[in-house]
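Presented sequentially are two complexes of chain A, the first with chain B as partner and the second with chain C.
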Partner chain A sequence: MVQALEIKGLRKEYNGFFLKDISFSLPQGYVMGLIGPNGAGKTTIIKLILNLIKKKAGEIRVFGMDNLKQEIEMKSRIGFVHEVPSFYGYMKLERVKSIVSRFYPAWDDKLFSRLCGEFKLPLGKKISSLSRGMNTKFALALALSHDADLLLMDEPTSGLDPVFRRELMERLSEIIQDEQKAVLFSTHITSDLVRTADYITYIQGGEIIFSSTKDKVREDWAIVKGENELLTDEILPLFKGIRKSQYGFKALTSDIEKVRRQLSGQNLIVEKASLDEIMFFLSKGEINA
Partner chain B sequence: MLKLCRKDVLITRVFWIPALFAYIVISTAFYERGLIFIFVNAALTFSMVFSILIIDDKYRVEPFFISLPLKRRKVVYARYLSSGFIIFLGLLFYFFTSFLLDSFIPIDIVDFMPLISPEGAAVFLFPVVLLTLIFLPMYFRLGLGKALLFFPVVIMVGAGVFWILLPGVNKLEKLYNTFGAPLIIFIAFLALFSLVFASIIISIRFYSRKEF
Partner chain C sequence: MFKYVRRELILNKNLIIMFLVYVSVLWIWVSLQKIPPKMAIIIFSFIVPMLSLSQQAREDKFKAWISTCSLPTTRNTMVKARFFTLWIFTFTALFYAVVVSALIPGNQTMLAQLLTLKTLFLSLFFISLCFAFLLPFIIRFGIVGIMIFLVAAQVLGIVFLMLTRLTGRNENFLRSFINLIIDGIKYLFNHEGTLLFYITIILAAAALNLFSLKISQFLLARKDF
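Presenting the complex of A and B:
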């Protein structure tokens, strides 16, 4: 299987933040959601891929190309949408397009016009007159109009209305239909991932907690509910996050079988964990409600 | 690289009419004093070079352009090239207005012809080119805000160094008397190319380490 993106042992230190030995890969033909709380390192990873910041160690390959040694070839195959798309506010969309299109040999003007039509982007208007959502749509139209093989999107859905968010997610699914392209997008809106992502990489505090297929995540992680008395010293290490109240506890685990075995015969409820719950428990740790 | 130059020149279009207006008002106010007239022209040309940096900084577009398929050193080359292009346009404009003023103002009030000469061009170019070559590496290292903060300090230090080296100008005069103008012109060009080369190399070093 050809890897659209391969990251090995990526490290970065800056402003007191540490990205620790990040490794994951995204095969061609799939969508990966990069999730995690604010400040987890999602944007840092995307910036490192685009060489906006310098890595301390590790390797980044896009379709087998080193992101530093073959920077131009690699970037020609990438479409990107930054968290806050920035263009010259006083320029018309048409003018920005004419500046950007010259950098991509594979630029498709017809496709751009079609996308602008679909996104209802007014090409004759100035960038400053666009809303945040429209700005993101414009960035997306620019990113999609040069037949990019890997789409990198940093929080593309923030600031978008639910209708367009859904449209965007559907479009991402369409993009990968030819099995030649891949999409990596960071988000903290987990419902976007449920609809679209094939792979999920969860990052927290600069470390990867897990990176696997969405189905495997659903199989591996569970919410366990029971009485507080069950939380013994032997069982506690099996939980990644616990929420206790006077009525009992609710905890997240990735060792479902072990929990079942150790607490067999006890009054216990084990349910599949949603992405929201995984994110909540992993980021909060132990909470006494 | 030319694509970036085109972009740089395009984005300054918004300043062309205000700059022309400022040029007419300020330069005609000082037309009777040749040297001030030259420096007003030089200052306005430098401000046009500067306007590219201001616009890029205001709209925070650098991460966007760095994400495009290009090397950072190309961004540096393009910035120098577009600055050079704007300075060249400034020089042409300076010659043109000097010629116009010379044609329309009675010759007994002020003679503009000395300004339309290689010496006039050298006096015009010296401050603009020098300031640009000093400022750009600072911009690539510190960003616009901090570079602006430290620029006056660097200029003052530079002026101090120039003051210390001033006695050396007498030696140039002796060289001029001994070998004539060609040697001085050769030295001037050599100094200029060395300075441009050093400024570009330093800028590339700084910019390649910059994080966005």
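Presenting the complex of A and C:
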């Protein structure tokens, strides 16, 4: 299977933040959601792929191309949508398009016009007059119009209304249908990933907690509920995060079978964990409760 | 690189128009005030690189480096294109200044002085000098860096002046440095315009630009956006 994106042992240190030995891969034809709380390192990873910031160590390959040695070829195949699109505010949309299009040999003007029509983008208006959502739509139209094989999207849905968010997710699913393209998008709105993502990579404090298929995440991770007395020293290491109240505990585990075995015969409720719950317990759940 | 140069020219279209209007006004003022062409050239040489400052101010304001650096191009190419664009500005402005001078009635003497090979070469040399000094600074530290530099230079000047007063000595490092620059400029203007002089000027300008280009590329390559 050809890897659209392959990251090995990536490290970065800046402004007191550490990205520690990040490794994951995204095959062609799939959508990966990069999730984690604010400040986890999602944007840093995307910036490192695009060489917007310098890595300390590690390797980044896009369709087998080294992101530094084959920078131009690699970037030609990437479509980038930044969280806060940074275009020159005093320029009209069509002017920005005419500048950007020259850099991409595969630029499709008809597709761009069609997308602008669909997104209701006013080409004659200045960038500064667009709302944040419209700015994101414009960035998306630019990214899609040069037939990018890898779409990198940094929090693309944060400024969008629910209708367009849904449309965007559907469009991402369409993009990967030919099995040649791939999408990596970072978000902290986990509901966006439920329908679209095939892979989930969870990052927290600059470290990858897990990176696997969405189905495997659903199989492996669970919420366990029970009485506080069940939380013995042998059981505690099985939980990644625990919330306790006077009525009992609620904990996250990535090893359902072991929990079931060790607490067999006890009054337990085990439910599949949602991405929101995983994120909540991993970032806010007390471990040594 | 030319795609990037085209981008720079489109982005700065309005700025270039404003600049040409400014050059016209400046040149008319220079003619009316009967300012010597040598001085006019020095003023002009400091103003052209200011275009680069305005350009950087926009990059900073719109945080445009992120979208710029995500385009399929390298940072080295971006720096080369920026130097190349500034040279296009320079030649356009110089040519335009000559045209404006020619259109001002009774300005033939100044035009004759301007159109000598020596003044044109010296203009280009001084502009290179300003580019070479300013661009690495602008590229690495942005507009804020330049402001800090100017303020620091001003503070340093005040400190030197105070020290001169306090110690009662007329000679100090800053004064010597400024005198050295003035003497250098005087020497260049008074030197006979021989072939060797022109070749030296061209080589010095080329070496300065190349050095500045390499420093700028080195600095931008290490910058995180």
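One rule holds in what follows: the second predicted complex is superposed on the first by the 286 of 289 C-alpha atoms of A that agree within 3 Å, B and C clash if a C-alpha of one lies under 4 Å from a C-alpha of the other, contacts with A are read in each partner's own complex, and residues count from 1 in each chain.
Heads up, the rule we're going with is that a contact is a pair of C-beta atoms (placed from the backbone, for glycine too) under 8 Å apart; a residue touches a chain by one contact, two chains touch by 3 or more.
Computed from a predicted model, the values in this text were never measured in an experiment.
Asker: State whether chain B and chain C clash or fit side by side on chain A once the two structures are superposed.
Answerer: clash
Asker: Using the touch definition from the top, say if A:N228 reaches chain B (first), chain C (second), both or neither.
Answerer: In the superposed model, A:N228 contacts neither chain B nor chain C.
Asker: State whether A:I53 touches chain B only (first), chain C only (second), both chains, or neither.
Answerer: In the superposed model, A:I53 contacts both chain B and chain C.
Asker: Using the touch definition from the top, say if A:G89 reaches chain B (first), chain C (second), both or neither.
Answerer: Both: A:G89 reaches chain B and chain C.
Asker: One more residue to check, A:V100. First (chain B), second (chain C), both or neither?
Answerer: both
Asker: Which partner does A:Q266 reach: the first (chain B), the second (chain C), both, or neither?
Answerer: A:Q266: touches no partner chain.
Asker: Would you sort A:I72 into first (chain B), second (chain C), both or neither based on which partner it touches?
Answerer: So A:I72 meets both chain B and chain C here.
Asker: Chain A residues touched by both chain B and chain C?
Answerer: Common interface on chain A, chain B vs chain C: 14, 47, 50-54, 71-76, 78, 80, 82, 85-91, 95, 99-100, 102-104.
Asker: Which residues of chain A touch chain B in their complex?
Answerer: Chain A residues touching chain B: 14, 47, 50-54, 71-76, 78, 80, 82, 85-91, 95, 99-100, 102-104.
Asker: Sort out for me which residues of chain B touch chain A in the complex.
Answerer: For this pair, the touching residues of chain B are 3, 6-7, 10-11, 14, 55, 59-61, 63-64, 66-71, 209, 211-212.
Asker: Per the contact definition, I'd like the list of chain A residues that touch chain C in the complex.
Answerer: For chain A paired with chain C, touching residues are 14, 47, 50-54, 71-76, 78, 80, 82, 84-91, 95, 98-100, 102-104.
Asker: Over in the complex, which chain C residues touch chain A? Could you list them?
Answerer: Residue positions touching the partner: 3, 6-7, 10-11, 14, 58, 61-67, 69-74, 221-222, 224-225.
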